[in-house]
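So the structure is just underneath, and the comments pick up after that.
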Amino acid sequence: MYSSEKPIRIVLIGGSGYTGLETLRWLERHEAAEVVGLFGSSNIGPIDEIHPMLSGQTNLTQQPYSPQAVAECNADLAMLCVPHKVAMSYVPDLRALGLRVIDWSADYRLADAAVYEQWYCPHTDPAGLADAVYGLPEFFADKIAGANLVANPGCYPTCAILAIAPLLAAGLIEPADIVVNAISGITGAGRSPSLAQHFPERNENFEPYKIASHRHMPEMEQVLATLSGKEPAVVFVPHLCPMDRGMLCSIYANPAGGATEEKLIETLQAAYADKPFVRVRTDVIPATKYVADTNFCDVTARLAKGKVMIFAAIDNLLKGASTQAIQNMNIMFGLKEDMGLY
Amino acid sequence: MYSSEKPIRIVLIGGSGYTGLETLRWLERHEAAEVVGLFGSSNIGPIDEIHPMLSGQTNLTQQPYSPQAVAECNADLAMLCVPHKVAMSYVPDLRALGLRVIDWSADYRLADAAVYEQWYCPHTDPAGLADAVYGLPEFFADKIAGANLVANPGCYPTCAILAIAPLLAAGLIEPADIVVNAISGITGAGRSPSLAQHFPERNENFEPYKIASHRHMPEMEQVLATLSGKEPAVVFVPHLCPMDRGMLCSIYANPAGGATEEKLIETLQAAYADKPFVRVRTDVIPATKYVADTNFCDVTARLAKGKVMIFAAIDNLLKGASTQAIQNMNIMFGLKEDMGLY
Amino acid sequence: MYSSEKPIRIVLIGGSGYTGLETLRWLERHEAAEVVGLFGSSNIGPIDEIHPMLSGQTNLTQQPYSPQAVAECNADLAMLCVPHKVAMSYVPDLRALGLRVIDWSADYRLADAAVYEQWYCPHTDPAGLADAVYGLPEFFADKIAGANLVANPGCYPTCAILAIAPLLAAGLIEPADIVVNAISGITGAGRSPSLAQHFPERNENFEPYKIASHRHMPEMEQVLATLSGKEPAVVFVPHLCPMDRGMLCSIYANPAGGATEEKLIETLQAAYADKPFVRVRTDVIPATKYVADTNFCDVTARLAKGKVMIFAAIDNLLKGASTQAIQNMNIMFGLKEDMGLY
Amino acid sequence: MYSSEKPIRIVLIGGSGYTGLETLRWLERHEAAEVVGLFGSSNIGPIDEIHPMLSGQTNLTQQPYSPQAVAECNADLAMLCVPHKVAMSYVPDLRALGLRVIDWSADYRLADAAVYEQWYCPHTDPAGLADAVYGLPEFFADKIAGANLVANPGCYPTCAILAIAPLLAAGLIEPADIVVNAISGITGAGRSPSLAQHFPERNENFEPYKIASHRHMPEMEQVLATLSGKEPAVVFVPHLCPMDRGMLCSIYANPAGGATEEKLIETLQAAYADKPFVRVRTDVIPATKYVADTNFCDVTARLAKGKVMIFAAIDNLLKGASTQAIQNMNIMFGLKEDMGLY
């Protein structure tokens, strides 16, 4: 059994970005986990030179990734904070070394390789894809517990699926014509500089992007189909909001099955009654600040003018990425689901 | 004829808030208009003590409002930047003095007093209401030219109506089931301090409010009905975005009449071909920064996954309030529509 | 000995503000401390209604403060996040109950009642004042360990003293003519709404305030005098910076004692060699983001053009208030100084 | 005489950055100036594709720079918004064409080529340097009026010199030991993306940079020496503040000549009595928001604890660059100094 005496031994691959940073910060607080190796393809060197805020908290050095170097770490788990395509070029080797894997990228999220290839690129690890489990703990905890390869969900899909799935499964909204209008803080765009995310271009600015063409749209549809047994059609429009972190989905759907506002709320409450990180709200409207720096998802529903409206908020870097991965880790290694996550 | 030699003489009532401030700044640049009196119910004194940025540009002093004091100004036009209910308590006197009036409040926007009273309070000036013209110049310029009382539109309705009206009138979207998901900068909440708009509560935060219950919703429906001859049903959900100014509507509607993306764009282009302040975009997606500090509205449309999506952006304080009022003034007094507005 | 089995029993008084909120969040993570009572004078009710982000993490309810109610908690420690003057009206009763006390306010920081009264108001607890220990752990850990009443330092003094004290004590800067030019995020202004901190007034704005007249100035001078045995004269000018949290002091002093940049850095390094929360920087210039959400103070020094320049950064709510108090608590109760503080 | 009938014909070189954008926006409002040519070395094409906010206001197209292309414009004035070194490679040709020139770069600001070369690079246009006039209109209007080549000042020097010069010249502060602690909005860093100005790195962050090593420091010293006849020593430390625009200098100096707060204020008032764009403040402390989007400089002085403190604020892109250039243009071409500048 893992504990502070015998912690989970983790190699983290990809420490340069924001999700790598958050993973390191939160694992530092985790009593039964230890990062024993840190690897990357660039920014080789002490991690506190890449992220000066980590100074004094860690002595980790990012080293060039190679399966050999990972092998020497004698680890239990590999966490991959690397881009898609890179991830699936590493995972087979890591699994061959006997490591369990949690992957932040999109490479193992879409069960159907053809759908993956339509939105991303040719898939090079069909065996991994066949074994992968979608890491949304509120719905797939049983499979995650035994998984060797967990595909950590996208930030937008996490937020949207937690909002929609229970109501769709309960038949309280129509599967057709679901609009997901979403906003994200700018950390969601990653850490590579670009004119679009240059401070004076992005500050005091709000704009839609990738209108109904974002790669997280098929991910939402696939998982919602799995969870509801229906064929949902989602129109997904993300927007960039001038703040560091936070994500909010405003979802519009058509009611079904005699939906009332009371039934909507009760259905959400029932779905998340024993889930520590989803807070079903009634009076408080979800807002990004209430979930910032936490692993919580806040969700509520309204019915007015013949429309079901669902609002959900998460921290895009945490429940949308890094702490959700730790939640998955806890489940995979038999720890309390919420260990180290407050 | 009005000119820099014989400017329009204006009394401005309500200089303490953000719309009052912007009106004063922009009128300063206007070659054929002059503020000859400034009145308010509080913050009596030099206006540059209330708004220190105006120092060196104006010597105006805000004086206690009374019809007598206004009468002595020998003005042509009264501009009212005061709250609803206050506005309709002033307007009859101002009109009795022979002044033409532009009113920023909601008091004269809803043609049907019963609808007004359902959303606001008892209406005390039915005569004014009967005479009032809705001041959206792109659609009502003819009536505005001869109007004695112009109801300057709400910020959200301005943005949403400019986006929706041409497509609804052309039969390219269904009147039922129109979702207006909107965001606004915080100046839209006015200048009175509150916990909700306290900097650390609002900064780095994004949240919906007044879900399908905002007073601008019936205003949108009324004007869209007038312009299209249909009975549109609008679900309107505003959100607060952590920035000073800017407004963006993301609108979702069902296609009709053989709508294609090309037809949608062409219809918008035709509607605004000779309108100086609506820019129909194709490649550029509307963003609030492109319209900040301007009187422009940017708009574009997309069709994907069976849904029409329309995006429109304005500066909530300018095209959504103060420069739109100046645009109305230009039309009322026979000046070039865009005078003083760049 | 305190531990997770026998935690320190804490009553927190004043949970409504930002420091109360942060204290609750961080104590939640602390393995050897437990909040057993929460009291206030307003906002009575479940704390997660006052701070919705706390929902799901705590069941605490803020109750009306009274010594009797506190007595029933059978607590070891009282933490006071209340304004000055209120604090000294509570502390005698709390001490009479046998509780040790950490006070966030200014009431017990200035050892000389006459100085206190010059800057604040009449002092009503001279006995407490005589017993109080100034809670800057890097310099007063020995006294803190045995203290019954700890005056948690002001945010600006924490930052400035950590920067200046070692260099002043070492004779590397002149005690006369020390300029502390400081900035703070807006949480430093508290949670009461005001026009000055209304979002659109404060956003995209930067301004000095209380020029050489802020109450933290005598606090700096007193503690620096104690630590150096000199009579420093500090000119302190704070500024408001449009961000939530973070504090940075840019300090200008005249060199003495053959100061070189190397000596300055070495002196800081020696002073903080075994202090877990002060990071002496060389290449990295302190910036607020590197210390945000941490208990760290980053500090460095430069010498150019005949001037010593010292730069220090903290999180105003954490090392400047709430986590510093927890650091003090750890020392008072014999725990590891950094327990629960990463 | 220039007027709206016979406007000044301007070629603008360098339209891609923020100062180019602001110049185009403000010249659009100017009744006696017209941009007849727009040139650059990159971003060739319609300027409203580079700056979408300009759409509908201008039909200008940025063309590849060449002296021949400029010659065909039959212009009166060349405005250069290009980096240093590039500027001095263009200016001789432009002057040979008979154009008067206003240059935004540093190439003609430092009268002594040796000083220039110490801070920048070898100087290639000594003839230009000999003819150039420093374009700070409050002090050099007479020379500017007749100048063929005006070096538009740096943003920090504009702000600092306007604050310091009158007091230094009047002998009310010591020339030695002047500390200029300054902050700037991020547009001051230009429009080229970098990790340092990537939104999530810069937002909610405040940090010093180029400590006592910024190139604007010798510029301040040179101009202050010219204006005062003294040899001032300035320690200049700039900081980056998370906002778009605005600059504030907090200046610390030692009093001289029997300085009192009253004398300091009176001296500033006398210096700027007939200067339209410097506002000497008494009760209002300068703040960046009061000068944002204006050509104003706000300034005030305090004396406390034996220190003179001067605070000055400008908009770094306007009085610190683009509108100051237009103010210079007005003076060069015999127009009213403040034409088109409100």
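Note that the chains take the letters A, B, C and D in the order they are written out, and that residue 1 is the start of every chain.
One rule holds in what follows: contacts are C-beta pairs under 8 Å (C-beta built on N, C-alpha and C of every residue); 3 or more make two chains touch, one makes a residue touch a chain.
All of these numbers come straight from a predicted model, not from anything done at the bench.
Undergrad: Steps needed, at minimum, to get from subunit B to subunit D via touching chains?
TA: 1
Undergrad: Report the chain whose mean Cα position is at the greatest distance from that of subunit A.
TA: D
Undergrad: Could you compare the number of C-beta pairs in contact for A-B with that for A-C and name the larger?
TA: Between A-C and A-B, contacts are more numerous in A-B.
Undergrad: Can you work out the whole-Å distance between the CA centroids of subunit B and subunit C?
TA: Computed from C-alpha means, the inter-chain centre distance equals 47 Å.
Undergrad: Taking each chain's centre as the mean position of its Cα atoms, how many Å separate subunit A from subunit B?
TA: 41
Undergrad: Give, as an integer number of Å, the spacing between the C-alpha centres of subunit C and subunit A.
TA: Centre separation, subunit A to subunit C: 36 Å.
Undergrad: Pull out every residue in subunit D that's touching 2 or more other chains.
TA: Within subunit D, the residues that touch at least two other chains are 185, 201, 203-204, 242-244, 287, 289, 292.
Undergrad: Spell out the residues on subunit C that touch subunit A in their complex, using ranges where they run on.
TA: 28-29, 52-53, 55-57, 204, 276-277, 279, 284, 287, 289-294, 296, 342
Undergrad: Which of the residues in subunit C end up touching subunit D in this complex?
TA: Spelled out, the residues of subunit C in touch with subunit D are 177, 179, 181, 183, 185, 201, 203-209, 211-213, 233-235, 237, 239, 241-246, 248, 250, 252, 254, 285-289, 292, 302, 304-307, 309, 311, 313.
Undergrad: Going by the contact rule set out above, which residues of subunit C touch subunit B in the complex?
TA: For subunit C paired with subunit B, touching residues are 18, 185-187, 189, 191-195, 197-204, 242-244.
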